[in-house]
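What follows is a group of structures, each given as structure tokens.
Each of the next two complexes has chain A plus one more chain, namely chain B in the first and chain C in the second.
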Partner chain A sequence: MLRFIAQRLVAALITIWVATIAVTLLIHLVPGDPVRIMYSGFQTTPEQIEEIRTRLGLDQPVWRQYLMYMGRVLQGDLGHSIVGDQPVLTTLLQRFPATLLLTIASLFIAVVVGGSLGFFAAYRRGTVWDFGAMTLAIVGVSMPHFWLGLILLFIFSLSLGWLPVGGSGFMNLILPAMTLGLANAAILARLTRSAMIDIFDQDFVRTAQAKGLPQTLVLYRHALRSGLVPIVAMLGLQFAYLMGGAIVVENVFAWNGVGRLAIQAVFARDYPLIQGFILFFATVVALASVIIDVTYALLDPRIRYGK
Partner chain B sequence: MTTETIEAPARPERPQRAYAALFRSPSGAVGLVIVAVLVVCAILAPYIAPHDPLVMAAGPRLEPPSLAHWMGTDQFGRDVLSRIIYGSRLTLMIGTIAVGISLSAGLLLGLVAGYASGWTERVLMRIVDVLFSFTEIVIALACIAILGVGLVNAMIAIGIASIPFYARVTHSIVLVEKNKPYFESAVAAGASHARLIFLHLLPNVIPTLIVIGTLGVSTAVLAAAGLSFLGLGAQPPQPEWGFMLSSSRDLISRAPWMMIFPGLAIAITVLGFNLLGDGVREVLDPRQRAR
Partner chain C sequence: MIPDRLRHTGPGALALTGFLTMAAGPALAGDVIWARYGDIDSLDPHRATSTLSMQVWDQIYDTLLAFDEDGAAVPNLAKSWEVSDDGLSYTFMLQDGVICHDGTPFGAEDVKFTVDRAFGDNPSLTMTNWGPIETVEVIDDLTVRITLESTFGAFLPFLADSFSSMVCLSNDDDPDFGSATAIGTGPFKLDNWVQGDEVVLSRNDDYRNFGKPVENDGPVQFDRLIVRTIPEAQTRLAALRTGEAHIAEPPFDDIPDIRAEGDLDIVVAEKTGQNVFWQFTISRPPFDDIRARQAVAHATDPEMAIDIIYGGLSEREWCPIARGVFGNDQDFCQQYGYEYDPDRARELLAEIGFGPDNPLNTTMYVWTGGNRHMLAEIFQAQLAQVGINVSIEILDIGTMNARVREQNESPDDPSPGTFDMMTWGWYDPDILYALWHSPGAYSGYTSDELDAKLELTRELTDEDERLEAVQDVIRYLMENAVHIGLYTPGWEWVFAVRPEIEGFKVGVFLHPMFQDVRLTD
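And now, the complex of A and B:
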């Protein structure tokens, strides 16, 4: 088990390391002069441009820039944003709790709605219920979540006036979380259904049924418990999807998380902030997937005992 | 007499059988019809669109759906239906170009990694795995940060963002094909690397990739609409559906039709490609059909 955790941690570190390389290269791939592009909205003299270039280390060879960047990153310094001249890490950390809250709330909605829909469809496989649930799921998969967001906004905020349009309180969380959660519930419903169908077909479920155990016991004690294993395995990827989806949804509802910040940074061509965001995002997703993989291992004895 | 009834009818050619099966699967048939309608709209746009999609004041501003304007007009008096019909051209272009980029690059990467094995494979697939974990939207954002805002750049960004996915799929197919007797005997016969890759592996990888590419169009369309919605893709006055949705945001309560129809167009298109992809998969993998 310790070895498994160590392996997952090493994989996560490699991901983060590759992200640092990608982020350093990013600014060099910009066609034209990145410094001029970044400061195109400001009044600058050619001397100032050269000074900024030296300050950002962009006059150095790429390998030295990388070492300088790594040196700073290891000290927790991701540079300063162009707009507002704020420390990038501090800005990201200020905004991150909002994104994390949105992601976790959506994950909860996705698991509860998608999981039960998929479980129900698998249990009633081949019936009208199954067909209905899966039709709902494929429609959900096809629906752009920013559109779903606008529809929910139209119904619950503008027409019924039940929920606020934008902001950062608990009531403001409901619509974005529902938008992101329902969009992903559809994916999860399809995955859960096929995982549960595999389990319902297995001998231990049939044995449990054959020996006359009550149906609810068979369902919850035997089937659902082993069904959880593949579902938890999918959550790692789901978490990454939700974090990615949050970028769009935060912009629909003016939810002040890192996603909204990232889009503003792309518009302003604020490269230090974009670089910081990508590195930050990669780190969060990598660490989350370690946590989820370890949970998965705890649930599945085959992995816990090294197969 | 009896021999005639027992004798099986001549089997039609394979592709025909596949098309017939596609039509028998309900999801495949519905998907095919939706995609066909979309293609027809894109080709015949100038003939079927009632108005010019870019001409301002084709009617009164913000007019609700009526007989003259079936889907109403926007804040500049442009006909929403005509914009949606013309938008199908952009959508199909985005879908095919983005998938084309990711499919060809992913195919190459996956083929090389799977064929080479050893260190080349390990390093390439490790990089692909890492990129995969960044998620597509973040890679696309990084590409747009590099290239700048615009519809063409958004297409390229989405294409690049999906390369890791296609590389993974190709790699896994190559690994299976490499262990089949036909490939092993070609290796034993001393076939050259180029021959092994292009004559033996490639033809066996492509059919599966076509199916996955069909499903990929839906993801690409959704992603492009998302980027345009954020203002990073299509720019005014392009009649792009995602962009139309974003310009409806401030007018939702006054002109909900501006929000409803473009969103519906995106959803139906994506649904069409999803159903088509599901249908094709069912045809190719009969095990799925039983479920």
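And now, the complex of A and C:
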């Protein structure tokens, strides 16, 4: 098992390393002079522009810029933001808990709603219930987060007055988590349905039924446990997907996470902050994947033995 | 670099601290909530230039001078001043009894600290706009003298603008100043700033107004001002309707409905200093020829376009500097302006070899947001009628600024030169110096003659003489079709206000003022 964890960690480190190369090159992929774009206000004198170029190391060859960047990153220094001159790592860490909370809440909604819907559709396979549940799933997959968010806002805040519009308290979490969770529940519903249909056709399920076990026991103890394995494998991908979706949803509901920070950084052309965000995001997703892989391996020993 | 204070706690503790501070407290009965699309960049007036930041500095800090309702600089924290005969030394006499938010008295040392800081190791982003300051001397507790290297006509107006906000000496050596703390003498004290989320300000009971055009010269009449960031326009409008926000910029397309429903008041800022104008790549064809520039000006009808898109919320602006700014005179500018005249545009194009069989192809850059892309489409259609084929590129303002400069700096580029709908907001005609004096903010049109005229607008301090110099520059810019005014205002100037808010007003140059605001039932 330790060997398996070590392998996953090495793979995660390689992903993060590739991300460091990408963020170093990012600033050079922008058309035009990045310093002039960042400091586009005319109040900045040519001397200040040159000083900034030197400070950011942009007057050095790219390979040296990369080594300088890595040297700083390894010391936990992601630089300072252009806007407001704040330490990038501190800013990201301040905002990250809000995004993590939103992502976990959304994942919970996605699993509960999507799993139940998929399980139900599989159990009632071929009926109008199955058709209805899967139609709902297709609608959910097709609906942009932005639009679903505004619809929920209109219903629950403006019309019913049950939930606040935007902000960062607990009640404010419900709408964005629903928006993000419901859209992803649709994907999980379809996945759960196909996984469960496969399981229902397996011999061990038929054997359990033939033994005369109660249907509830067959469904929940035998079928569902086995059906969970591919769903757990999907959660890693879902986590990354939800983190990405948070960028849009946080903006709609004024939820103060790293997603909104990323949008602000892009609009402000704040390259150190954008670079920090990409590296941070890649690290979080890579580590989340390791955790999911390990959980997967624990659930299904065939994975850790490479069978 | 991680500050020491945070490094000892480690990332986990830091993250937890971040989350705990993120959880915003509920709004209280005496709170006014102002929702805006973006956050401030910094609490430090030397570290940002955005309108969003300035509008919050206005609440925390005060300035030596203030703008009156006409945009003239009048006494404020400085109750009077004397100027030496050579126009180089300004001696300011400060108001007695002004108190910083930490309880220390405000005086000459605070002024010296602020100005020295603007020119220090990490100078203000608007350092050049302070003017050629040589020294700051403390004469006594309430008298300070600022000496310039050369005369500077925009010096006094600058001291009324938020960029010159007076920062109390107590902020010195505070590593958190600008990011977590800010001590000034303005109507509100900073409670806390949750970056990206909200700035919470509480009433400064010691505040006194000396020069701002408000009726209430004492402390504000409610407890807290919460400046909240709600980026999405429809969400802001929803927050206004549910009462989660009291004041916010509404989506433009909803303004007619809001007016028709009558539940919210619409406040439109005037004399914002904002100017939207045509400027051109003059380093290569076709706009190196004045006739091509004039043809664009004659072929476009800003009055019709803004009427369609903004429906009376914006006005035709003939001058290169906007209404409210010293030197703006619509009648004067119209003499040198370009009336909508498609026939004249066709004649000018024919003179330089363009016609129905040989259309002028070019690109127009437009700043994203504020429905400006829709204006651009109207202009595109108008230009097509005279044989100018325009492709539109919508860019964020920073990229657009950089792209315009690059265009001017590429005289050998084989593609046709571009033009753009540029936007600037400023409180003084000194903006023209920043834009057009060699080498120019965008490396655009420059000439020795224009440089000399612009230098005069800086050097002259006599009002009448300066007015003449400014209008001479305006005439030159318009006759040479360099900077052609289109309309004003252009961004962030419309506010929707809930009915329980009384007395909200927006001062000149887009400075919202809360001194007269009262919360009613």
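The definition used in the following text is that the second predicted complex is superposed on the first by the 302 of 307 C-alpha atoms of A that agree within 3 Å, B and C clash if a C-alpha of one lies under 4 Å from a C-alpha of the other, contacts with A are read in each partner's own complex, and residues count from 1 in each chain.
What we mean here is this: a contact is a pair of C-beta atoms (placed from the backbone, for glycine too) under 8 Å apart; a residue touches a chain by one contact, two chains touch by 3 or more.
Keep in mind the model is a prediction, meaning the values are calculated, not measured.
When the two structures are aligned on the shared chain, A:A98 is found in touch with chain C, with no touch to chain B. Of the two partner chains placed by the overlay, only chain C lies in contact with A:V83; chain B stays clear of it.
With both structures placed on the common chain, the touch criterion links A:N251 to chain B and to chain C. Legend: residue contacts after superposition of the two complexes on their common chain; A:I263 is shown touching both chain B and chain C. Of the two partner chains placed by the overlay, only chain B lies in contact with A:I14; chain C stays clear of it. Once chain A of one complex is fitted onto chain A of the other, the partner contacts of A:G169 are limited to chain C, with no touch recorded for chain B. Residue contacts after overlaying the shared chain place A:S194 against chain B, while chain C stays out of touching range. With both structures placed on the common chain, the touch criterion links A:I5 to neither chain B nor chain C.
Legend: residue contacts after superposition of the two complexes on their common chain; A:I155 is shown touching neither chain B nor chain C.
On chain A, the patch touched by chain B and the patch touched by chain C overlap at residues 150, 153-154, 158, 251, 263, 267, 269.
Across the complex, chain B meets chain A through its residues 27, 126-127, 129-131, 133-138, 141-142, 144-149, 218, 222, 225-226, 229-232, 242, 245, 248-249, 252-253, 256, 259-260, 263, 266-268, 270-271, 274-275, 278, 291. Contact residues on chain A toward chain C in their complex (touch as defined above): 32-33, 36-38, 40-45, 48, 76-77, 80, 83-87, 89-91, 93-98, 101, 150, 153-154, 157-158, 161, 164-170, 251-254, 256, 260-261, 263-264, 267-269.
Chain contact summary for the complex, chain A toward chain B: residues 14-15, 18-19, 22, 26, 29-31, 125, 138-139, 141-144, 146-147, 150-151, 153-154, 158-159, 194, 197, 240-241, 243-245, 247-248, 251, 262-263, 265-267, 269, 271, 274, 278, 281-282, 285-286, 289. Taken in their complex, chain C has these residues touching chain A: 1-3, 6, 11, 14-19, 21-24, 26, 38-42, 47-49, 123, 125-129, 178-179, 194-197, 228-232, 234-235, 238-239, 241-242, 244, 396-399, 401-403, 405-406, 434-435, 441.
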